[in-house]
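Chain nomenclature is as follows: A, B, C, D and E, assigned in order of appearance, with residue numbering initiated at 1 for each chain independently.
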Amino acid sequence: MSRHYQVAGRTLSAVDGVTEHFPAGSITTIVGRSGCGKTTLLRLLAGLTEPSSGEVRRDPSDQVGVVFQEARLMPWLDVADNVAFPLIGRLDRGEVAARVEEALMLVGLAETRRALPVQLSGGMAQRVAIARALAQQPDILLLDEPFSALDAFTRRKLQRTLVDIWQARRRTVVLVTHDVEEAVLLGERVIEMETGRVVGRVAIDLPFPREATDPAVVDHRRNILARLVGGTDPLP
Amino acid sequence: MSRHYQVAGRTLSAVDGVTEHFPAGSITTIVGRSGCGKTTLLRLLAGLTEPSSGEVRRDPSDQVGVVFQEARLMPWLDVADNVAFPLIGRLDRGEVAARVEEALMLVGLAETRRALPVQLSGGMAQRVAIARALAQQPDILLLDEPFSALDAFTRRKLQRTLVDIWQARRRTVVLVTHDVEEAVLLGERVIEMETGRVVGRVAIDLPFPREATDPAVVDHRRNILARLVGGTDPLP
Amino acid sequence: MSVRRILVPTTVFASVAAIWWLAGRAGWTNAYLLPAPSAVVDALSELTASGILLKHTLVSLQRVLLGFALSVALALPLAVLMSTSRPCRAVLDPLLEFLRQVPPLALIPLLILWLGIGEAQKLGIIVLASFFPVFLGFRGGISGVDPKLIEVGRIAGLARREILWRIVLPSALPELVVGLRISLGYSWRALVGAELIASSAGLGYMIIDAENLARTDIVLAGILVIGAIGLLSDLLLRIAISRVFPWLSADLEAARA
Amino acid sequence: MSVRRILVPTTVFASVAAIWWLAGRAGWTNAYLLPAPSAVVDALSELTASGILLKHTLVSLQRVLLGFALSVALALPLAVLMSTSRPCRAVLDPLLEFLRQVPPLALIPLLILWLGIGEAQKLGIIVLASFFPVFLGFRGGISGVDPKLIEVGRIAGLARREILWRIVLPSALPELVVGLRISLGYSWRALVGAELIASSAGLGYMIIDAENLARTDIVLAGILVIGAIGLLSDLLLRIAISRVFPWLSADLEAARA
Amino acid sequence: ADPATLRVTYVTAPFNVPSIVERHEGILEVDFGAKGIKIERPEITSGAKQTEAIAAGAIDVASVLGGASAILAKANGVDIRVIAVYARSPKAFALMTRTDGPAALADLKGKKIAGPKGTTLHQLLVAALASAGLTINDVDYINMDLPTARAALLSGEIDVATLAGNNAIAVEKAGGKTLTTGEGLIHPTTVMAAAGEFIDAHPDLVEAYLAAHRKALDFLATKPDEALKIAAEEQKISIEDAKAQLPLYDFTPTLTDADVANLEADQTFMVDNGMLPKDRAIDIRKNLVAPIAFSTK
């Protein structure tokens, strides 16, 4: 599957001949340098972008939930209404309220339910976007650097929450991250990308929940990082 | 100095009684949980928000440059013109072009100079914003989680670039980050915030450039993290 | 704030009246073409006392509101249709663009042919005058909607109709409001043209009639009444909008603040 | 694309002409009020051959362009002034809001008093008709500018004027363009009203005169010419805008695409 | 079958006392109510718009229509016919100026003169100029409707206006003076006209309409003071002004050969002045006039 763009008169292959299978109920993480095509791949999976060649096959009845790289909140709705947004019209009021409450609890924003998007900090907005996708309880959950604006504490908490939810419901999850440690902590499989291509697939055969201090995690992290950074390693 | 907001009818102290001195030529980093007031403090320093009480004192002739938490690019300008934006009208064409070229080089986007903001990936947009602030060569440089959308490799490279520039020019730099390691690697001093207050100041007396593997760095990181995360430490 | 909101415009209008009076006294203006404020006030109170003004006002108010409502009822679905369907746009765009340029006064013979000389013809003129601002404003608003928010709707599995209602409409609202306000203004402005033919009531008719009878004081009284009611209806429109779409009021305030 | 752009509207207009012709043949319409296309074409070619049409067109074109230019030249600085200065807003807003509601046809006696019966009075009518869409559109655009981008300008040390030129104007441009297009349309539409009085040339005069002489074929010919030139001027405006502000053309395309 | 409503235009200007009296007394309502027909009286003052409404089938009778409008409409294809004369009123049309304006017709050379082109007043101006040895090209003739011409005259924008009715009175009151009236220069005739289809389908209704008009004329003849009072009120003028105007009008409805000749002269004027293509000119007696117009009393 490929996706090309025209930028300033030149053709750019954002995703270039990727063939990948994401088994139902699996959790996969994708890492790669800035601009390597992670977001584009996720958009192809979500059906938001048409592939220039190739196709995406999935059960059309599967509901997809996406956490975009930006928060993308409706500026005219408050926090709770933004989280409720995908649910309204498909669940009855009581259930919507319950799901919203639960999701806001999970991301630690129960107190902020009446704030408007302009009144949120960057990390708070990102957490509202996460809550919106979680409240939807989709069959396929796609997350694009969902924790990038969060501090270590909040991030760790939400990583655990995500693993818990995945273990409980076993939906298909694909998560893009630029944090290799996060990729190792969360993925059954880590996909490494470079300039539009998949250049590595690492199966992480460790039980959940995983600890960042686990030597196996540290090992995986070091190996993937080394490959990512390439010959001129400026990193530990 | 304090700053209060009205949110959904209640008063919220985003920054609450902070008194802080940032010596000229120093580099300071600020860490704290999501929503603790880091961005608000930076906005107060930049003069973009008026304090509800107290004041910000600085040399009015000092030029301020800001990297906002979001990229904030002008959608109608391409990458190079966005970087040139603050320079146009104050430098002659040749110098503008030279500075733009240099800044784009530093953030690794020299190839992309003719792309429009909509055509950029999240990390690329953030790097354009960094380039814009660097090209300005301000006396005071304020950065709000500037590397949050970047992969480990690009992030490490830009951290080095920032330190190089600071060492060469010795301007005042204040950097907000949610990555404690980054705070330790870049700050002469790390300020810890919690719910609007400064709760800790750590002087990091290590020479630049620092390595993440340096035991002193690892030590500082662990200590700060422990305080940030509080009693219920879910982290290594 | 609320006091200032009333005080300042009142002062402004009072000053204008004072200048007008002074200009008349000083002989700078022709008393026939611009009668003194007192003459206009006399005409106004006479018209009010006899109940004639009320009658004309009610007739015109009904025409304007009906015509404006018709314009909006036509413009909104058409704007949506043309923003979403390429064939509709291909067919309707040239026709509407053509119509948009044509003086409504030139169309009166055709309007008489199609709509007769009754109420329909008068509404037709008002609709012709007020359709396009709301139509084009809404289309502009729709085309300016952030595609990123639409994607959120698509992912949420929203139907086209829902995306329209829940994302496009709220996003396009600020521009739509500008369009609505321009349109409402043009509805009032169309009154004289609309009541040019076969009317026996209405403020436009009153003005034309007064002009024919060389009663410039009544003409001016009519202008004042239309202006004032227009101002009032604009205010009510803005209040209604900020009631229905409260998150907009900040925007509206910003526009005035 | 370019071929379709011409082909589709042509087909649409051709179909309308065909329906018009058929309706006439079938006797559904009155041949006096809606003469057959052939009669209108005859009138058009006669007017063209005698050079009368060209004369009228040039006179009107000049009036419309001048009036429109005046409107824009007044509206843009005024919109900026009123968006930035609170006292100006307090004083001018009520007056303009009042004027916005008043039928220009009712103001003709006053316009004669202030502007005479020459060219100024005709331009006055056109300006009255076309000022507000561009004015309100631009104000709406200004109030919709993302304050985050303005902050970027403030941090860059830009002066107010620069922020206006380099951030506010480009951001407000899509709405401004909608306003400009509506305004240009209303400039054309005002022609009949503008040339109602003391004209001896112009397409509006030609239409009024033809109507008085019961020459509906010429009235329709005039309507066609105004519509066609209006379409053309709208097209030229759009081209000019997309030349000057190339990043907008994507937006404009989206609006039409 | 009879129509459910009779639609007659209502025109009061310049000084249409019979129409005003007729409506005030509800004569049509009474006469046609007996036949189960309702009356509608849309106010359309412009001649062109009245003929358009006839063409559109929106009205049945144009109660007061300038002769020229009737000729132009018929010549350009409207199915319209004259059923009676409404009024002859050369003295009601005048060239007026301010007190400081030109004193005699001969002084009009090079002056700014405004009025509605293509109407009786245009004709008056041409005739008046001719009587002083001038042509329309010797003056600066500006097209304007009556209220505007009056306003322009009073505000000093023009030197002379061609006026009629209230507009003439208003100028007189504001200190204007009359240079000449139409007397001896023109023969302005207003007529009553109806849609041809209506005349053919309902000759009885046409007769009934003319009978009702006759009743209004009788009212005016027998109770002139009351009629003037009604008219003055409707026109918002003083009784004295109304009284002064009445003698300017001859409301005899019967069409005479002289009237036909005057209408023919109107047509010739329009052809000569390029307002009507020569090949569209009509035979007034044969094409425009319904026979009943000659016989009505």
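The working rule: a contact is a pair of C-beta atoms (placed from the backbone, for glycine too) under 8 Å apart; a residue touches a chain by one contact, two chains touch by 3 or more.
The structure presented is a predicted model; accordingly, all values stated were derived computationally and were not measured.
Trainee: Show which chains lie in contact with subunit A and also with subunit E.
Mentor: Expected: C.
Trainee: When every step has to jump to a touching chain, what is the lowest number of steps that links subunit A to subunit C?
Mentor: So the least number of steps between the two chains is 1.
Trainee: Counting only C-alpha atoms to place each centre, which chain is farthest from subunit B?
Mentor: Result for max centroid distance from subunit B is chain E.
Trainee: Of all chain pairs, which one counts the most C-beta contacts?
Mentor: By contact count, the leading interface is C-D.
Trainee: Check the residue numbers that subunit C and subunit D use where they touch, and answer same if over half are used by both copies, otherwise different.
Mentor: Same; most numbers are used by both subunit C and subunit D.
Trainee: Taking each chain's centre as the mean position of its Cα atoms, how many Å separate subunit B from subunit E?
Mentor: Whole-Å distance between the two chain centres: 85.
Trainee: So the centre of each chain is just the mean of its C-alpha atoms; given that, what is the distance between subunit B and subunit C in Å?
Mentor: So the centroids are 50 Å from each other.
Trainee: Counting only Cα atoms for the centres, state how far subunit B is from subunit D in Å.
Mentor: A distance of 49 Å separates the two centres.
Trainee: Approximately how many whole Å separate the CA-defined centres of subunit C and subunit E?
Mentor: 36
Trainee: At which residue positions does subunit C touch at least two other chains?
Mentor: Each of 30, 33, 109, 112-113, 211, 216 in subunit C touches at least two other chains.
Trainee: Indicate the residues of subunit B shared as contacts by at least two other chains.
Mentor: Expected reply: 70.
Trainee: Could you check subunit E for residues that touch two or more other chains and list them?
Mentor: Residue numbers touching two or more other chains: 52, 55-56, 147, 151, 155.
Trainee: All pairs of touching chains, please: list them by chain label.
Mentor: Touching chain pairs, listed by label, are A-B, A-C, B-D, C-D, C-E, D-E.
Trainee: Applying the document's contact rule, which stretches of subunit E touch subunit D when the two form their complex?
Mentor: Where subunit E meets subunit D, its residues are 47-48, 51-52, 55-57, 69, 72-73, 75-78, 114, 116-119, 142-145, 147-148, 151-152, 155, 157-158, 275-276.
Trainee: Considering the complex alone, what residue numbers of subunit D touch subunit E?
Mentor: Going by the criterion above, the answer is residues 30-33, 108-109, 112-113, 116-117, 196-200, 205, 209, 211-216.
Trainee: Where on subunit D is subunit B touching in the complex?
Mentor: Residues in contact with subunit B: 148-149, 151-152, 154-158, 162, 166-167, 170, 245, 247-248.
Trainee: So in the complex, the part of subunit A that touches subunit B is made up of which residues?
Mentor: Where subunit A meets subunit B, its residues are 5, 7-9, 31-35, 38-39, 69-70, 78, 112, 114-115, 119-124, 127, 144-145, 148-157, 160, 178-180, 211-213, 225, 228-230, 234-236.
Trainee: Applying the document's contact rule, which stretches of subunit C touch subunit D when the two form their complex?
Mentor: It is residues 8-9, 12-13, 16, 29-30, 33-34, 83, 86, 89-91, 93-95, 97-107, 109-110, 112-113, 132-133, 136-137, 139-140, 143-144, 174-175, 177-178, 181-182, 185, 188-193, 204, 207, 211, 216, 219, 222-223, 226-231, 233-234, 251, 254-257 of subunit C that touch subunit D.
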